[in-house]
Every structure is written in structure tokens, then in C-alpha cells.
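Chains: A, B, C and D, in written order; residue numbering restarts at 1 for each.
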């Protein structure tokens, strides 16, 4: 049977794509080598810099985020290179797995998946690496599997404090753009990785590398083989507004629209909106008597909230009930929190009324799935929103 | 500043148009005289009959609902004809004004705008009309200005009880389709008037007349001049799947899709859904300590709920606050309830989560606009939905 | 079997709707009574004046062109009024039939359907009408059934020469906008009738009345009953950017886009483009050895070319072959030229390459359908286009 | 100034995307890990096999074609491996450059860029490679820079005749699907590379690897590092209709639609259509007195025709004139034929009338740009189409 009404896609990405962007990507494809294309190319290339808050080159790949992970590594490293990675959750773990497949040598800092990266542990590891065998420090800005952020500026300070030359690479796939503030230049990031389908409000299919001068220097000596991901060809062609191989033209139409929309609202307004929605969501979770996966106040994600269900309860069964009764998708618990956690996406093009619908639907699902909880969570969120409107 | 997220169009029509229908109306226009057109024509002509629950002809006009009001009258009546009309609210009043402009002679049964048409008063008026000067009884099925429905089957019984030959004309512009059950044949309606932008989930621009055999007989002797609205030419051309003049082709694409969607969900499911949402909305209104405009339990509209604000409060100021802070449109109070009433549309392609968002947004607005009320309305609706899920 | 490639909709309207406009009409519907609507309302209302070249009010109806015909008559005339109409073709004939249905008294000037209205005959008829019983002169600007235009400025001069007070009403449904120059104020037209699906490049569903002050004065005393078409309510509501009843909102989105597109190209460029394409089409027709229906050089339509097939040939069989083999729709011969004429639309958003495809497809069809003709028509058009590029 | 009418995108890819597909990719994005996604996943995964004519796995990458080139090599080869490549044109050259960047050792067979790969030369090279140091033979099926095809079945025979174990890798980026027949299983191809934006009628952003069992065996021992491109993870996840990392969901919507469209027309009809259009295009070129770049009759591309301009003429200046006067994009001459060749794309969703428009526009451009030529080419193509309709 047809499910009536609009589907609520409240996974932590892809976020629901606004109509304006859907219409933009449905424009007729154009000649990406024609004289008119450079207008679009220049527009998205400079526009995406404003979102990363950088004056450095930003590479736009026709690929999803996993490709941009790979690109960051293969452009800067050589076989066997050591990289320091912090396993803040499932996606940090996957990036490490990818590094292994590429023949790199990840050194891992583990966490309990309930917090961001600890700058002190990074500093300690770098101090111990007296021969500078660690070539890069890899941190996930917003860990989509746990709803914890890492404090990138503090990680940079830790690297500097250790006086270590390693590159700082940051996955901000789900952090960038509409959701969390990200400051590539100010924070001293060397390579930032992002994707289209989260804060940028696009369908998946584009991903990004922002690249510092230090990263470009590393690129000159890196020996991992690559062609598709190679920064140099991209940067060269991008100077004239073009791409060295066929770009995903129609997604670029959408990207141009998305960047406009973010600036129309104002990035600071966008960040404040997500932070407020995140707090309102936690108010609901607490009223239900449930726990938030993230345990560090400063590190709550503005993008998503991962919620722990009581022992003996199956979070995936809850999600199924919510999908079937409320026409709403939530994110599942991944890997070692599978079944123990569900994730509420409150990212992208979102507002108070959508959040209240979302939380109301979850509360209905908690009831229908017989998850032990107290009612009133949706109302608690509403009260929070009232008090901060 | 750009308002983030999806706009909640919670006026009692136009209802938010689902993506499937928006995509359908954006298909390239076709030759409405070409051999392929009849497939579309026949599909919408027979499909719309299934929505009116009739085997009689249904005329599809390229016009909005006001046009179908005019069509009902000019096809069946002559200058100076008396029509019995029940002023159940603003739209019933407008239909009467339209009858006056056409040179008809409306006899009015007034109400307090808080209930549907009273069959007993209709019966009485007809019994007093011993020379059958009343040619038609005009009733609004779902009065969009008040949220009260009239019980059409009981009106038909009243006419029959009076043994009066008047035609029964029913405006079901906001009643038909996804919102309220309507049974043209079973209820013995002679002319039904409807439009595209309510339960049918389309943009405005199409309107309808369903026509009984008795109405067709009246048409043969009616003398009000008309060409555009003339049933006969339409019915003749419709037999082959075509129209006598240019139809609104792209809206017909959407109509075909809308009819499919209604049958995919099942009309009975559609009606039950709207009735449940209407009850949940009233639960919220009562929890807020506010009054519903409609005072008769059997006559609550499944389509919309008109809510009275406390004396000394301006409903339009409230609506402005909600529009600006919550990106949501509500319906205004019309004519004599202007400023005293706001109207919540819960019609069309709608679901629990959207309703909870809607009510949460209204509660936030009541708070922000300093309307005297109690909190917890949204939660009351949620509790009702839980208990009936 | 699926027909590959883009369908060529070369009927003389609806014209193929450009992607920009299709995307515009697929935007989410909005509250036509909300505060934001007036921006759209004012934009289309003033924009459409620039297309009619008038500072007088232009009424926008949610209706197709037949409705605007009716509106012109019912707003200005009374039962039994005499109107002078020139039967330049099938659509002029239909307008006359509509006048009859409305109870008017058309006096007809007949033509051979191969030319526009003759100003001299109009002047003569008016001179003979010494008691001014003729209340309006009705002329079709661009007769879509024949491809002949009438010279409206000369008709106005004829009326003035006769010193007759009749209103000048002009159907420019297929003339307005992208196709032919139309100058409401300069030419002294009193009521102009138009529609959305021709030069305005929209799907059908909107139609227009431009209204002179003299027509407004006639409106004050006209007694034909009407409500939907009534100008006064429209003009009053339009002053604030709104409509007295529900407009066809999504088509208005498209109208705003269409007006922008016309001005981006420049109206004079638009008119020159259509005139050139019309001449190129005639070059092809002549090279084929076929006749153009219009016989008066000054009156060739820039919008369409009606082509006569040789005696013994069925134009409709030819059209069927072209539809099936070339995925192209052409207009049929209507009424007394049925089967004898086919019509090539070269209106709306059209360019040289599309015209060459169209003419090439027709030449292929002439061959496949065994219509006696000479080859080389498409080449003749190309040579003409080359020489005028 | 706005250019009127539809843009003719007659480059040899991206091809113009049909409306049906544009609408499909504008559908709301869905949860690619949700229970409903597998329907889409399975549909496109099995559908794309039917287009490659294989029962082997076909990998779908969120990447453009260059990525699928890289994927073919990194999944099967190790650093320093020798690959035999035939430089049939610019794209074959680029694939070789990519192999170099990946640390492979290409052995090159050169051509004059006016023919496909010569099976005899391949056989000879393989016979000379007595120690089987050549691990793969790489051939471009349809060389987009020259309009020459290589005869893949004959290449396979040559490899077999030499008794050599090298893998056969074929780039059919512009060959697959709507344009040229491709038979993965029957022809004994080991890895086929393709993309979305040519015969598949989609925007760029998806690319493909079809993979034989022998290629899978090579994959087990290949040591080039890769993660994003890795077949094994893909094949494993694809079994259940899912992908190991985020797919380009909205392009998959379009792919499903494209596959349906190809089967609605019938692949054999699709191939015949392109072959016929290619012949018609050559008829035009010859009538103009110009040369086709491809000199081998059996190897004319059904997808595009590269046309040589007379010495002393600049093909790019011609293309500029055509873009500005005819609103049509043609492909440029690449690398060593830059300025000497222009390329006409007649691929994807295309029909007779579109071809006639295209050729007419080119003939107009030849005239306007003062390229020495004879008129009548467009007419010659028309005559060819007539004779084969």
C-alpha cells in the first residue's frame, strides 16, 4: 500500500534534497568543454571555497565520499607510510580500513565511540614519533556513526605543540556546510574531505578535497599510484573553470544552487540552526529517559543525534516500526553499536516544524515498538524550541 | 533571509502537491487533438468518475472552482430562477453572491457558521414552496471557511420527504477525493462541483461538474446563456476521449497521476486517515484550551479544523508569527470570522509526522504570539495518534 | 514501440514548452492569499501588459482561450446585441458560434479562408449601420486554421473612417507574444483575447483579456450575466497583486518565466525570428510545388503555414505517416479544409535548426506518403536561412 | 542575448538527456541502506547486464568514465605490468597516459587515427611476447575522437590465434547501449569499461566495469593498491542489491529509466537506428565535398562522425559560428587533429528529424564561416533517409 505524505528522510545523510536543487539537477546537460561551461565551473569552484572557508584549491570529484578519502591519501602518501588515525566510530574505522587496502600503515588511537578525538593522545603519539615516521594525522570532524564531533582546532594545536610535521587530514563529509562550522585555513587543516549529500543538500555523487600548500608539497613526492584522483591535473584545468575529465555536470548545477542557498540564509545562521536543533533533540531524548551516545558536552554533533535504546531492546526493530507506521527513515547503529543505537539526522535543509514532526514520529514509534520510555519527549523539544525562538 | 526547510502549506487548500504530481505536470505538452491523446482523456474521464463514485458524466473544466460553481448554475437554470441556498459559511455565501450576479434569485437559510446545513430547515422550506418555484437546493459539502460538513445523504432525504422536484447541487470542492467520502450516485446528488487543488492534490486550474440524468434534463430547458461551461459539447467530445476546446493538458497529466495515487492507497484508507488526523487536531486544540469553530460532533470536517482564538487576540497576527518563525502557512478567518479564527488544513497528501510538525509549529506560534493558551496540545495529538495507530 | 528522440510538436499551438518553463510550473504550489503571493501577482500582471504593449488592465483567467472569447463578449454586451464578425477561418467561425450560444446576433463577413479581414468591407458594413446597432467588430489577428493574419491597425482605421462607435475586439490567441507583434494601445484595440499555449510558450490553461477604457465603459452597461469572467472584481483585486478567486498558481509561475524569456531575447528579435522562419517555410513549400493556403503576401502568418496538398491527396494520411515515421505532429485542416490542408507550426521557442528538422521531416513524409511533390524543399529553406542569417 | 529554441547538443557525448530521465533523476533521494533500496539496486544491476549482454557481474561506480578506466587496470594488474594498447585516437592515448600514471608499462601500437585497431598487429605483438609479459590487451571499441570503431570479436580471435593468456580490456564508453552493439560474453571480453553519458542517455557521473571470470581470477593476484575501485566488495554487496559505499542514488533512478527505454525500443532497433543515421551523416559530408576522418568502411562509428575540414580552414572557428548562429554544440578535434576536424554526435535518444536539423545547421555554419564546400549535404542525407525509411 502506498504510504501517504512526504517521506521523512531523517538519516544522517543523504539529507532530503530541497526542490530548488532537484530542479537544478534536472536541467539539460551541457557541453563540459564548451565556452559557456567555465561560468558554471568557476562559480562552483570559488563557491565551494567559501564553504570550506579557504583560499586554497578545492577539488571536486565525480565520486562519493569514499573516493575523496582515497584521494586524500593517495595524493600525499607512499606505500608503507605511517598514518595516525583516531577511531572515533565506524566511519573513522572504515577510513582506516581503506588506508590498509592502499598499503599504508595506520597507527590507531581507539576510543569508546562516545567522544571525539582526544588532542592530548594525538600530541602524545606524535611526541613519541621522534623520527617523524607518521606522515599524517587523520581525524573525522563529525563522526556520523556516533554523533560526536572532534575539535579540529585543538587537534591542530596538539600537532603544533608536538612540533611534528605530519599533515592534518580531516574527514568533514557530514560536517561541512549546512551543518557545522568548518574553517580550513584558520584551523590549519592540510587536507579536508567532504561529500555532497549531507550539509550541501545534494544527492550523493560529488566529493571534495580541500588542499593546503603543505599538502601540495607532499603531493610532489608521494608515490602511491593514482590518476583519477590526481590533484595536479585538476588544479591546472580548474584554473580556467574546466575539469581534466568529464565532471558530473548535473550535480554541479545542483552544487551551484546549494551554495547560493547557504549564502542566502547566511552560514552563521545555518550553523546556529543546526546547533539549536541538536539541543532540542537531546531534550527529547532525555525526556524519553534514553541516553545520547555522545557523552562529551562540547562534542555533541549539530548534524545528528545517536540515541541508545535500553538493554534488551532492538533499535533496528524500532526503526522498522517507524518506517512502516510513520513513513520516516532513521539511521541504524553501525558495527559494534548495531541494534543498540538509532540515529536521528537533523541536517541539511531543515526547520523547527520538520524537527517536531520527526521527534513526534519517533515517540510514536517508541510507543508502538514497546521500547521502555517516558512520553513527553516531543513536548520537551517543543518547549526548548519555544524558549530559544 | 531565506527560510530553511520545507514550507508547510497547511491552508485548507491548495494542499501541498506531491512530487509525483509535480513531475507529471512538468511533462512536455502534447497535441490534444492527436491520436495518442484519447488514452489520457479516457483515463482521466473514467478515473474522475471513480472518485465521485458515479457512473454519470463528470465534466473537467480548465478553470478553478468558481468556474465550476458557475457551470452548475448556468447549465440548469434560467434568469430569475429561485434557488435555495444554505449559508453555512463564507464559501456558501460566495456561491450565493455568484448566483445573484447570474441573475438568479437565491433564497437563503442562514446558520451561525458553526454547523452544516440543517436538513429539517431545507425540508421545511421546500414544503412551503408549494408551486415548486425553487429549482435547486445548493449545499456546501465541506465548508472550507468553518470546518463544518453538511450531511448530504440527509439533505437528499429531506428533499425526498418534501416530495419536491428541486435539483440537489453540492459544492464538494474541498470535500472530494483524498479528504472526505463523497457518493454522487448513492446520495442522489444532481450536480456536484469540485476542484483540483484540495483532496486531489493538484495545483489549482481544473474544476469539475458531475451531472445526474435529472440535471441533464434540466439542461435541455435552461436558458442562461453559456458556451464555455456548456455540458453538452463536453459530454459529446468526451465520449471519444477528447475535449471540445483546449484542455489544460499538463494539469490532466497530474490528474491521471493523482487518481492513481488515491487508488494505490485505497479511498477508504484515505478517508480514515483524514478523519483520524482531524480528531488528533481537535485533541490538540482542546488541550490548548481553545475552541473549535464547528460545534456539531457529526459535522467536524476531516479536511480542516477552524480554531477560535480567545477574545482580544488577533488570529491574523498569530498566523504572521507562524509564517515568519515556523515557515508554515495557515488559513485565515474569512469575512465575519476574520481575525477570530485560524484554519489548519490537514488535507491531501498528509501523514502523522507532518501533522505533528504542524501542530508543534502552531503551539510554538501560540507561545511566541502571546496567545493565551495551555501547552501540551501537540503532545495531546501525539497521544491520540499513538492510541489509534 | 517507443519512438526515439524528441517529439517535434509542430502544431500551431500548443507550442513546445521550454524546459525553463516546465521546471517553473513544477515548483511547489503556494498560498495565493499569503503575503508573498503579491510579488508573483504583480510581476505577471505588469509583465503581461508589456507583452500586449498596453498600460491598460490585462485580466488573467484560469481558463483556456475559449473562455477569454466568452469573457470579451459577456463583459461588454447584452442579449441580442449585434456584433460584426469576419469569418477568416475556422476559429473566427467558432467565435461566431460562441456568440450565438450567448444570445448575441452576429453579422458575418465571409472570406475564402485564404486572407485576413478586409478593412474596406468592415468600413462598408459599419457605414451601412447608421443606427449603430453593431456594438462590436470582432476580428481574429492570426487565424490559426489558415495561416493568414488580419491587419488590425488598418481595421481600426476603417472603423474610425466610418465614424462608428463599435468596440474593436481582437482574438490574438495565437498571435500574441513570441510570434507576432501586437500593439494594443497603439492600434486602438478595445478588447484583446489571448491564451498561454502559443507564443507565450506555456501549457494551455491561462487566457487573457486586455481591456481599453472604452471597453470598461461598455462593461458598466452590459447585461449578459457573468461572474467568473467579470472584469471589475478582477481589476479590483489585481491592484494589490491578488485575484478574486483561486488562480492557476503553477501556470502563473510559468508565465513569469515566459515573460522574462521574451524580454531576454527582446520582443523585436522574437518577431523578426518568426517572420524569417515563416518565409523559409514558404520557400520550402514552393520548392515542393505545393501551395500556401494564404494568398495575400502582406498577410502571411509568422506563426504557422497552412499548406494545401494536391487534389486527390489526403493531408491527414500524410500527417499520420509523419507522426509515425518522424515522431512529429502537424496541425490538421479544420472544417472545410479538412484533408486538404496541413499546418506547420513555427511558433514559440523555436530556432533555425528546429525548423530545418521540421521541414526535412515533412519532405520525408511527402515522399513516404506518395504525395506528388518535388524534392529540395528543405534545401530551399536552408538556402533562404543562409541568405538571411 | 538569449538564444531561442532548444539547444542541439550534438557532441559525441554527453548526449542530450531525454525528459523522462531528467525527471527520474529529480526524484527525492532515498536511504541507500533502507529496505526499499534493494529493489532499485537489483533492477539496475540486472538491467545493466542486459545492455552489456553478459551474465557476469557489472560494477556501477559513482564516477565518470576515467574512473572506470582506472578501475579496470588497478583491479587486474600490478606495478610494472606490461599492457598492449592500440592508440586509435585521443581517448586511447589518454587511457595509455593513465596506465603510465598508475605505474604500468604500456606497449603501444600506433595508428593514423583513421581506423580501428588492427587485429593482425595485435596478434603479431602477442606472438612476439613469448614469455607472456603482456598481461592485458586494451582496445577502444568506439574511439570518440575519430569516429572509428574497432572490431572486438576479431581482436578476441587474434588473441586466441596467438594462444596468448592476456586479458582483453575494452573501452566501450561511447559504444555501449543506445549506439553500438556490444556483446561482452559472446565476444570474450574480460573487462569492459563504460559510462553513463553516451548511449545510456544519462548525465555523466556513473561508470561501469563488466568483469569476466578470468578477470576476477586476475584480480585475486593483482597488487596495485585500490579501495574505491575494488570489485570484490562491490560484487559482494551487489548480491543483495546494495553498494559497499554511498552510490549516486539519483543517477541510478535515471539508469533504471534508461534501461527501460532501451528495451522499450528494442536494442536491435536502437543499433539499426544509429547505423542508419551514421550513413546519412556521411552522405551529407560527401555531398559537401568534405572527408570523413575514418577511412575504413567497416569501421565507421554509428555514434559520431568526425569530419575533416579543408586545409587552411579552422574547424574550431566553424564550431564557434555554429554555436552562436545555430544554438548547436559540435565536438572539437582533439590533440593532433585539433582545428582539423569537427565531430558530429548522432548518439543517444535521437531521430531522423533531429539529424536533419543537425545537418542543416552544419551546412548553414559551413556557409557562414566561409568553409569551402558544396551545398546540398543536408538534402543528400534526407534523400538517404527517404530511401531507407
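We take it that contacts are C-beta pairs under 8 Å (C-beta built on N, C-alpha and C of every residue); 3 or more make two chains touch, one makes a residue touch a chain.
Not measured: the values here are computed from a predicted model.
So, comparing C-alpha centroids, which chain is the farthest one from chain A?
Most distant chain from chain A: C.
For the chain pairs A-D and B-D, which is connected through the larger number of C-beta pairs in contact?
By the number of C-beta pairs in contact, the winner is A-D.
Per the centroid of Cα atoms for each chain, what is the distance between chain B and chain D, given in Å?
54
Rounded to the nearest whole Å, what is the centre-to-centre distance of chain C and chain D, using the mean of the C-alpha atoms as each centre?
45
Roughly how many whole angstrom separate the Cα centroids of chain A and chain D?
Averaging C-alpha atoms per chain gives centres 34 Å apart.
Could you pull out the residues of chain C that touch at least 2 other chains?
16, 23, 26-28
Would you tell me which residues of chain A are touching chain D in their complex?
By the definition above, chain A touches chain D via 7, 9, 11, 14, 16-17, 22-23, 25-35, 61-67, 69-70, 74, 79, 97-98, 101-103, 195, 197, 203-205, 224-228, 230, 245-251, 320, 323, 329, 332.
What residues on chain A touch chain B, complex-wise?
Spelled out, the residues of chain A in touch with chain B are 1-6, 8, 16, 18, 261, 264-266, 269-270, 273, 325-328, 349-361, 363-364, 367-368, 375-376, 378-379, 382-383, 385-386, 389.
What residues of chain C sit close enough to touch chain A in their complex?
19, 23, 26-28
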